[in-house]
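Each in structure tokens, the structures are laid out below.
Each of the next two complexes has subunit A plus one other chain: subunit B in the first, subunit C in the second.
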Partner chain A sequence: MSEFSAFRHITIGQYLPVGSFVHGLDPRAKIVMFTLLVATVAFANSYTASVLLLLALLGIVYLAHTPLRYALQGLRPALPWITFFAVLQLLFYRDQYGSEVCSVIWRGGFVTVTTCSLRQIGLMALRLLEFMILISLFTLTSTTTQLTHGLERLLHPLERFSFPAHELSLVFAIALRFAPTLAGELERIMKAQASRGADFGEQGRLRFIQRTRNMLPLMVPLFLSALRRAEDLTLAMEARGYTGGRGRTSFIQLRPVPSDYLALALVTIFCAAVALYNFRAIDGLVATAVGGYIKDVASLIVR
Partner chain B sequence: MKPTLRVEDLHHTYLAGTPFEAVSLQGVDMEVAEGEIVSIIGPTGSGKSTLIQHFNALIRPQAGRVIVLGQDLGDADLDVKWLRRHVGMIFQSPEQQLFEQYVGDDIAFGPRNFGLDRQEVRRRVQKAMHTVGLDFEGFKDRLTFTLSGGEMRKVAMAGVLALEPSILVLDEPTCGLDPVTSNDLLCRILELRNNHGTTIVLVSHDMESVVRVSDRIYVIVDGRTVLEGTPREVFPEAELLRSHGLEAPQITQVMCGLRNQGLDVPVDLLSVREAEEEICRCFGFAETQVE
Partner chain C sequence: MENRGTRTVVRKIVIAGVLGAIIALLGYLGTAGPGYIPVPTPAQHATTLHVPVIIGAILEGPIVGLVLGLLFGLSSWFQAGLLGVVMFQDPLVAILPRLFIGLTAWAAYAGFRKTGKYAAMALAGCLLVLCGAFVYWVLAVNVLLAVVFAIVLLALVAGFVFLALRENRELQALILSGAVGTLTNTILVLTMLVLRGYLPAEAALVAGLTNGIPETIVACIIVVAVVGAWKGIETRRAGSTV
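Here is the complex of A and B:
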């Protein structure tokens, strides 16, 4: 396996034309649902809520006919960082919520592990997993054209307040469209510099202790390439008559259908329920039940 | 004599196991002897770039063998750094990989990566710049990005030549160059081989360059070797080449055209000079002083 093709495996920004219910949804609905789900995942503060969200996301993955392992491939390069932060959290978490009762599980030296810190780590891991699935799902089921149009239509009403909706969605679209191109460019540059003896480590994973100077042979040519492309793109757009978004019509017309509203309604209700209902109580119940069950099984084995 | 570079039944698939899977090489065989200049030609997407990236272990063989300078490149314990010091690779449009502020520093990047001392680095930079035709004193302190495109390409090439590799691989070296600069480059490639015994592997679409410098040619189509031999053996196969979207050099086309008109001339000629001789002989003319 090539050391350098790690970048091509990035699933963010790739569209998988499988064709499913999720693929066919109106992009505006998808953007709103995505935002709601991201917010809910970010603020979920109990195991039960997190697990419910995970199950919901897995359900959507199933609906989208997307192979799960493909969506999770982006997680692999981030794993060392996740473990690093998890360990940091474990060692240095201070119980901040005074109303919370945290029972100490283990104490050794200056390190204290409580149920609260353990929960923080568990939730963090679940949260990261859910973010990964959500982002991959979002980009795997929508083309950049759909997303641009969806975003622009959603933000259009704000143009009354001099908000640059068109320009912003254009920037977004160009960034998404060129991400794989620049990744390919980076691969090319890495190969060229490696051929001259430069060291970049394995699997594209950069060593933790690395001087900034080592990055220059990659960053300078990449920046220059990006700037060159930007210049060429500007000329190309102007040569085809682009003069800004004012009065610009579109080939793609977005028309919502009932299934879009239905999906949106379901997701909104689900997110509201998960966000507002206090699942901590259920957490406690589940914990006691599981704890009791484990004690029973253990005593059976011991006997 | 043992070949310095050997490829046996090489296969390669990009992104295997994903929906974006693409087979690039389907069993390529190749052999290059020390000091030879071998060209690889083929239509776009035939796997030429994939093939040459195996030679300095940028890509490892998925199936089949690649043996370079006595090292099996499928070996997990391969000293990759050692290999890259002896197999120099110049990519297409190499001027895009320049990053140092000063020309001299960029050329020195390669030798410095291999831990050579300052004296040696300086000597190599000087020699490399001389090989590509850049004046050492005049260019070594120039700002890299103020040079012209052609000069930047020379700097990039010098950067690889400073490693003094025994095998040099070039991907489309004359791409985007005017005829004079292109000609100059080909002369320098020949010089490298004649004066230093460097083995050269060339990938090119420019048949005129290929016919000028190659000892042997490999035609790669759809990831397979379809034709192999000296230029005199390969280029007359006009029908085969055309069926794969390739064309023979202009001189071959001219001779084929003449033969089709009934003239009894050989088609395996490589230069205007040879063509002139043959045509004159055919018609019984005295030779003129065509340069």
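Here is the complex of A and C:
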């Protein structure tokens, strides 16, 4: 039955009301900081930058008093695919930007392992870790209500141009709210189908037609269940007198405090520094040192 | 439950949100879940995440399709950032083409239900001309590919004509919408990939064939099943819910 319980590892979207400094920050500031950090993590192209980011994130995790192990549980179902991609990159990566000098570490047949491919998987592993921590941090420290309000307030100035900021943020909020529910629903559907004789044991094996056919009895009930919930939610919203965003005021008023601006400034400066500083020199030193070590170890093993 | 004739904004928001939740969920589960179907190519997986976009566009209109396309693009972009797949980290490749899936799917659905047989035949004629031009271009890239494309495109246009000649517009509109939405995704994404230089034209064409065909078939099946069942469910309740 273990293949059915993968969905419980979804730690995204769970809020832990611990009451730390990070919990108390203005959600608008949190959204902006999250976006900046995501962008920096995505475009960090050097070991040192990634390590710096990781340390910073761990620092924030400490500030937020959230248990890290809980956050990393979400990685487990994705691990086989990550290792697969990592191996692919390791063996077949060819530098597309042409600006790096890749020294070949090992060549066998049509497989080449270069420093560039090593760097890619190193970066990929770090990046993945950082993304997981970042997303978990973000959702563990903010309720969906706060996020919705923050997003709506951020996008509100655009409403002058007929941009439906309120409606869009509501769409995001509903999506966020229903993702874990639908995950549980998907698990329930899998179990129901299995109890009626569907064979889901082919996970991971290359039975194309079988897997595709297995997917249909999952998708269709999932969609129908989602649409039914949508119907109920629409009815509930209309019954409670929801008439749209125009002239709508909120009980929760977001008021920024100096600590919000301070946190935002710190994060912005940090991200700018990490993004703009050229780590090439430090990276080169680290790479040659590590490369040297690996070569020594490899030659010891091969001999 | 009475038949809902009015399509209010609330309904659009909620359907967009719920289908967006499906996109986010399937995107998060990634290749381990039902969001992807395995294909025997280096890419290994064809996506089914465009199906919620198409369904949303059919049920609630082009704006919902646009929003869902945006969510699909964001999900794809995010996943690419996570896994380090450079090609889809480019928002012009991951997000921009996906915005059009909902629009074309809705246009196909709404338009086809209203067109008469002759308008559809005229449209088929135009499609044939377009396909001819495309095959002519592919000839310059690779002759074998051109032949394969000619066969496939001819089959597609023939299928379109076959659909147009039938009387039951609803079902055919669903099939067409599913196919059009999927093809929009495939064609536009591959075009962007080639334009931005991530893939050579030949590889893109092959990927279009090997990924596009399973994606189209699966999308049409799911769209017909879901929308058909949903529109049936709106007037009666029967059977199990899982």
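Following the convention adopted for this analysis, the second predicted complex is superposed on the first by the 268 of 303 C-alpha atoms of A that agree within 3 Å, B and C clash if a C-alpha of one lies under 4 Å from a C-alpha of the other, contacts with A are read in each partner's own complex, and residues count from 1 in each chain.
As a working rule, a residue touches a chain if its C-beta (ideal position, glycine included) is under 8 Å from a C-beta of that chain, and two chains touch if they have at least 3 such contacts.
On a predicted model such as this, the values are computed, not experimentally measured, just so you know.
Looking at the shared chain after the overlay, A:299 reaches neither subunit B nor subunit C. By the document's definition of touching, neither partner reaches A:249: not subunit B, not subunit C. In the superposed model, A:16 makes contact with subunit B only, not with subunit C.
Of the two partner chains, subunit B and subunit C are each touched by A:220. In the superposed pair of complexes, A:197 makes contact with subunit B only, with no contact to subunit C.
Contacts of A:186 after superposition: subunit C is touched, whereas subunit B is not reached. Set against each other, subunit B and subunit C differ in how many residues of subunit A they touch, and the higher count belongs to C. When the two structures are aligned on the shared chain, A:167 is found in touch with subunit C, with no touch to subunit B. In the superposition on chain A, the residues of subunit A touched by subunit B in one structure and by subunit C in the other are 188-189, 192-193, 216, 219-221, 224-225. Interface residues of subunit B facing subunit A in the complex, by the touch rule stated above, are 14-15, 18-19, 53, 56, 58-60, 81, 84-85, 88-89, 91, 94, 96-100, 109-110, 113-114, 145, 159-160, 163.
Only residues 1-5, 8-9, 16, 70, 188-189, 191-199, 216-217, 219-221, 224-225 of subunit A touch subunit B when the two sit together in their complex. Of all residues in subunit A, those touching subunit C in their complex are 6-7, 10, 12, 38, 41-42, 77-78, 80-82, 85, 89, 96, 120, 123-124, 127-128, 131, 167-168, 170-179, 181-183, 186, 188-189, 192-193, 203, 206, 208, 211-212, 215-216, 218-230, 233-234, 237-238, 242, 244. Within the complex, the subunit C residues that touch subunit A are 8-11, 13-25, 28-34, 37-40, 48, 51-52, 55, 59, 67, 71, 81-86, 89, 214, 218, 221-222, 225-226, 229-230, 233, 241-242.
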